[in-house]
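Take this structure first; my questions come after.
For reference, chains read A, B, C, D and E in written order, and residue numbers begin at 1 within each chain.
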Amino acid sequence: MIRTLGVLGFLLVLEAAGRLGLIEALPPVSVVLVTAAGLAADGSFLSDVGATLSACAAGLLIAVVTAVPAGLLLGTVPAVERSVRPLVEFLRPIPSLSLIPLAMFLYTDSHDAKIALIVYTCSWPLLINTMYGLADVDPIAKDTLRGFGFGPMAVLWRVSLPSTAPFIATGVRIAISVTLIVAVSVELLAGGGGGIGAYLVQAGSANRVDRMLAATVWAGALGLAANALFTAAERRLLRWRWAT
Amino acid sequence: GGGDGGAAQEKTTLTVGVVPVPSSAPLFIAEKNGLFKAEGLTVKTEIIQAPQAVMPKILNGSMDAFLTSYVSLLAINDSGAAKLRLFQHVQTAAPGIASVVVPKDSPIRTAADLKGKTVGVNVLRALGQTVTNAHLQQAGLKPDDVKFTAVPFADQLTALSTKKIDAAWLVEPFLTAARKDLGAVEVIDTTSGPTAGLPLDAWGVSEEWLTKNPKTAAAFHRALAKAQQIASADRNAINAVIPTYTQIPAAAASAMKLGEFSAEVDKASFQKLADLLHGYGYLKSKPDVTTMIPSKIG
Amino acid sequence: MLEISNLSHVYGSGPGAHHAIEGLNLSVAEGELLCIVGPSGAGKSTLLRSIAGLIQPTGGEVRIEGKLVKQTPDNLAVVFQDYSRSLFPWMSVADNVALPLRRKKMDKQQRRAAAQEALESVGLAEAGKKYPFQLSGGMQQRVAIARALAYRPALMLMDEPFGSVDAQTREDLEDLVLQVRGHHKMTIVLITHDIDESVYVGDRVVVLSKAPAHVVGDLKVELASPRDQITTREHSDFVHLRAEVGRLVRGLERTPA
Amino acid sequence: MIRRLAWYWLIPVAALAWEVATRSAGAVYFPPPSTILARMREMAATEDVAADLVPSLARLAVGWALAAAAGVALGVLLGRSPLLAKLVEPIVHFGRSVPPAALLPVFLVFFKVGTPIQLAAIVYGVLWPVLVNSMDGARHVDTQYLDTAQVFHLPRWRVVLAAAAPKIFAGLRLSVALALIMMVISELYASSEGIGHRMREAEGSVDIPAMWAGIVLLGVLGVMLNGLFLAVERRALRWHRGRTAA
Amino acid sequence: MLEISNLSHVYGSGPGAHHAIEGLNLSVAEGELLCIVGPSGAGKSTLLRSIAGLIQPTGGEVRIEGKLVKQTPDNLAVVFQDYSRSLFPWMSVADNVALPLRRKKMDKQQRRAAAQEALESVGLAEAGKKYPFQLSGGMQQRVAIARALAYRPALMLMDEPFGSVDAQTREDLEDLVLQVRGHHKMTIVLITHDIDESVYVGDRVVVLSKAPAHVVGDLKVELASPRDQITTREHSDFVHLRAEVGRLVRGLERTPA
């Protein structure tokens, strides 16, 4: 209820700004929203959305199953972390956009290239959050299991991982939107295999600013929906945190 | 013509990178008229923005041919990363299809007024900057007197109307939109005078692809050439396909001013373009365009 | 069973270093219940952590059944002083208690039954489904005790296990520990601040000095078993021993910090 | 010092392995590091590198500082105020899922081409991870700390900030590299100098070693900035390291 | 000073709801030291949190000096049962103690001096520069006490404040509280599990029932002031009162959970 109020208020402000001429040169929000709603009935656009979403889902999944274990490793073995850190820090600031040509060269299928770039980019928030989460685990909690004779792996799995889960969840939350951004940007720059970005290229070269903004709205709305979905899942999985 | 049948061809399915602009129309005319099918070819298209971005795909063989501007063709060959060949000419500039425009209330009225101003172009060190430079020089300015900045065409109108740039180099359909929606005023017609008749777009392939797939190339070329003839003879044929692969509505498509669709490129104009680019330092070495035009395809 | 020789532990290094334990010798026989008393900040918890292999002492050694403790030895359970942080907030109370039992050859149902039994024995029969944050301080402490009891270790280390429960419950828990010890042949080291308690439950009471900790008193408690909250505490030996421990503890200067 | 440097052993090893791999593969898009280095040296000799580097780094610093401050402030606010969170959170999750590149037309309405629009893009891109981490961190502060603060009427936000610091710093750590990325992206359009601009030029002319030169430069900058960041973090989170060191 | 009428608190709702307090009435006079005893899980901490305005009770009301408690009242200090988590780990011990004094009209130096004085009074003169995690359990608890004492509140709420310290320190702290109360006219509500302690420090002892908590006993302690650890505890009135409180507590059934 309050949520919708917030969104409505925001939209009203934008609309008013547009109507009053504060935002020149762009179609008013209502026009963009109507266009965006119209896109829901556009089969080819929906298949573009499908292409983007499938790449995002695959990329996120691969990133989670690789980056979280990697973060657990780096977070628990300091020597490995110290050694790998320069390499990680070297790689992190490289924009995925600069890697597009390389990925497209390596993968003949543009869909695969897109997924590879998504994995690359959204691994970092997962990795870093996992590492910081591990640093935040209460030592008494760890000692408790160690005291019962559990080995390092069991402590990692039964104490460190659940304790870190809130950090990982935050990482996933960030990663979700990163996947969308990377997917759309790759499609935008490199085309191929459809997607919201490819739609943006088409709309752009036809000077359909309303459609470009409408497709952008879709990207944002997808991110919003994915986040809501994830929050619901998080509330179930990390029930203990939301209750306190 | 007529196909020799698919059996003899090296490959029958082609992936072609198309830019959603009028220059890609002949390919869709060919598809619509069954010219590819007649040659035993299946053509798949992928939307691209510029050939530079898909060079990796061309180099690793996942893309066969692509629409390219002559400027991109020259730039890529100049870099040495790949050897590209002109496969089929598409469009030559005609007056009034690419201009530098300013907002209607701008004090800028002539090329000379642009001194010290910011001009938006879609890509730096490419066609827009080159042709504008030529006109600036004619007006007595040096290329450095104007600051060029890269803004995608679609965003230039916004930038122009909110005065975030002083002038914009635009092509169709943006030019018409700028005139109609913003009342923009043309300062320079960049496809006239010293820059009249420059070649704009063509289909490109890599040299390697050409030598590896001579039969396919021949078949593909025959189909494209036929479509090119249809396009140059009948504007309506172009108008009819544009809405199928772009988001330009039919009415706007027929209102657009287009260049000249012809079968062959004028070598002299091509060389002139190359020399201009080299002259402004946008190419490292002075190219000889004849090396980029294969003697005979097939 | 447990042999501590010349144990020392220093926290930190340089000028800020803190000598928590120095040259401490102690041995505990199989099946013994040893109570440790000593001033706050002496080094009792540090000693316990060394026995559990949770810290590596900076000097001396700890042996359990002759084997040098380097990692946490098998078949050991600890009730931590900071019980609230040793319960896992993401698990229900019953799961918390059942978790260590995974190391035993028990299937899920057996684990669940053992956990429930242990919770019942500490008076928390109905708390199994709750989460730790839904319990009062004393209830959390009892969960930690139940977890250790359910595990049935050979050596049990308890760090002020009854500090947060009311007098009645405390007595019940003392008796529970004695009873479990009798049934299952555990060796128990119990740290307490309650002198009466140390004499009531202990077979032996060891008094530690202020930091750096070492043993200043070691008293055998020769009271009849089974003990009883009323009669044992009335017994003259009890009163006498209690006074003696009290004297030892009081005899120590106040710990400065 | 020498010991510190020794931890960088992986970099030369990786470079060497990369050299061998790229030489044997001979793929056009993967020039060996030696070629990249040669190109970098050539660029450093023939071009005014400082003219590109200085404005880029200045924008990076200003943009990052603005985004970090705004992200932490906004995040903590949203994390602590359920009402505000409900009102604004949908817009936040919407906004952070929108590719900055697609927002260019919107930015063009408000910001002048050049440094203003680039700063806006950097702030926009960098803001989100800081905000989300701060928000999640502030939302789940141990209630015992909050109760203590309330009883003694301590400034609540300070307790929240300190308690959420580990998570906030995770966000900030992410944001440093992201700021570099946004610096590059913001220079792809509407700019005429800077590292990103140069990389775009290199891409436009398919100058692959020059593209890689940009990548390597960014990597080196990333390692350096991260070192700086960790030094600050070590001081700020000293208590945390001591407390959680097992 | 403090007026509690018909207080009820229910945690949660629906079938899992837990009635912690029901229909509790209690009033505390200005300057009084009230001790509360009651079984573990009764609702003592819940009562204390209601007084401090940390939870909104689901029924009834709490008034301090006639004013309904809606938010945390001014001039109040709490020593929490879970002391280790109520110290801020990111601050040194001295800063933890000095922090609340920012609300008083004191400059930095005065705050520092007051903190140091409070730390000395609890026997931690040299711990100021350390971080909480570097202290033993009992030391942490004393830091929490020092923080509350340094604040000199009009109303002080203490939830088992001496549970983790040794017998000797405990007695010292009991006397410290009595002495501070005498000097500074504080009203104190102290929850304890130690029946002797409740009689020794209290002007009045209130016994709570098992959950849902209500008052089952309210005894005035008429012992001479100043009290003395040896003589007061030997006094027949003390022995008598202590037995009476013990009977009241023991008379309660065991709390099921």
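The definition used in the following text is that a residue touches a chain if its C-beta (ideal position, glycine included) is under 8 Å from a C-beta of that chain, and two chains touch if they have at least 3 such contacts.
The chain lineup, named per UniProt: A, D = ABC transporter permease; C, E = NitT/TauT family transport system ATP-binding protein.
Only a predicted model underlies this, so the values are computations on that prediction, with no experimental measurement involved.
Visitor: Among the other chains, which touch subunit A and subunit D together?
Guide: Intersection of subunit A and subunit D contact lists gives B.
Visitor: What are the two chains with the top count of C-beta contact pairs?
Guide: Chain pair with the maximum contact count: A-D.
Visitor: Roughly how far is subunit D from subunit E, centre to centre by C-alpha average, rounded to an integer in Å?
Guide: 49
Visitor: How many angstrom between the C-alpha centroids of subunit E and subunit B?
Guide: 82
Visitor: Please output the residue numbers of subunit A that touch at least 2 other chains, ranges allowed.
Guide: 24-26, 101-102, 105, 138, 143, 188, 209, 212, 241, 244
Visitor: Using the touch rule from the top of the page, what residues of subunit D touch 2 or more other chains?
Guide: 28-29, 105, 108-109, 188, 203, 240, 243
Visitor: If you look at subunit C, which of its residues touch at least two other chains?
Guide: 82, 85
Visitor: Report the complete set of touching chain pairs.
Guide: A-B, A-C, A-D, B-D, C-E, D-E
Visitor: Can you list the residues on subunit B that touch subunit A in the complex?
Guide: Contacts found on subunit B: 17, 19-21, 46-49, 53-57, 59-62, 152-154, 157-158, 161-162, 173-174, 177, 246-248, 252.
Visitor: Per the contact definition, I'd like the list of subunit E residues that touch subunit D in the complex.
Guide: 49, 52-54, 72, 74, 76-78, 80, 82, 85-86, 88-91, 99-100, 102-103, 131, 133-134, 147, 151
Visitor: Can you tell me which positions in subunit A touch subunit B when the two form their complex?
Guide: 24-26, 100-106, 108-110, 188-194, 198, 201-209, 211-212
Visitor: For subunit A, which residues are in contact with subunit C within the complex?
Guide: For subunit A paired with subunit C, touching residues are 138, 140-141, 143-150, 158-159, 162-163, 165, 238, 240-241, 243-244.
Visitor: Residues of subunit B touching subunit D in their complex?
Guide: 52-53, 55-56, 59, 75-76, 78-79, 81-82, 118, 120, 123-126, 147-152, 154-155, 158-159, 162, 164-165
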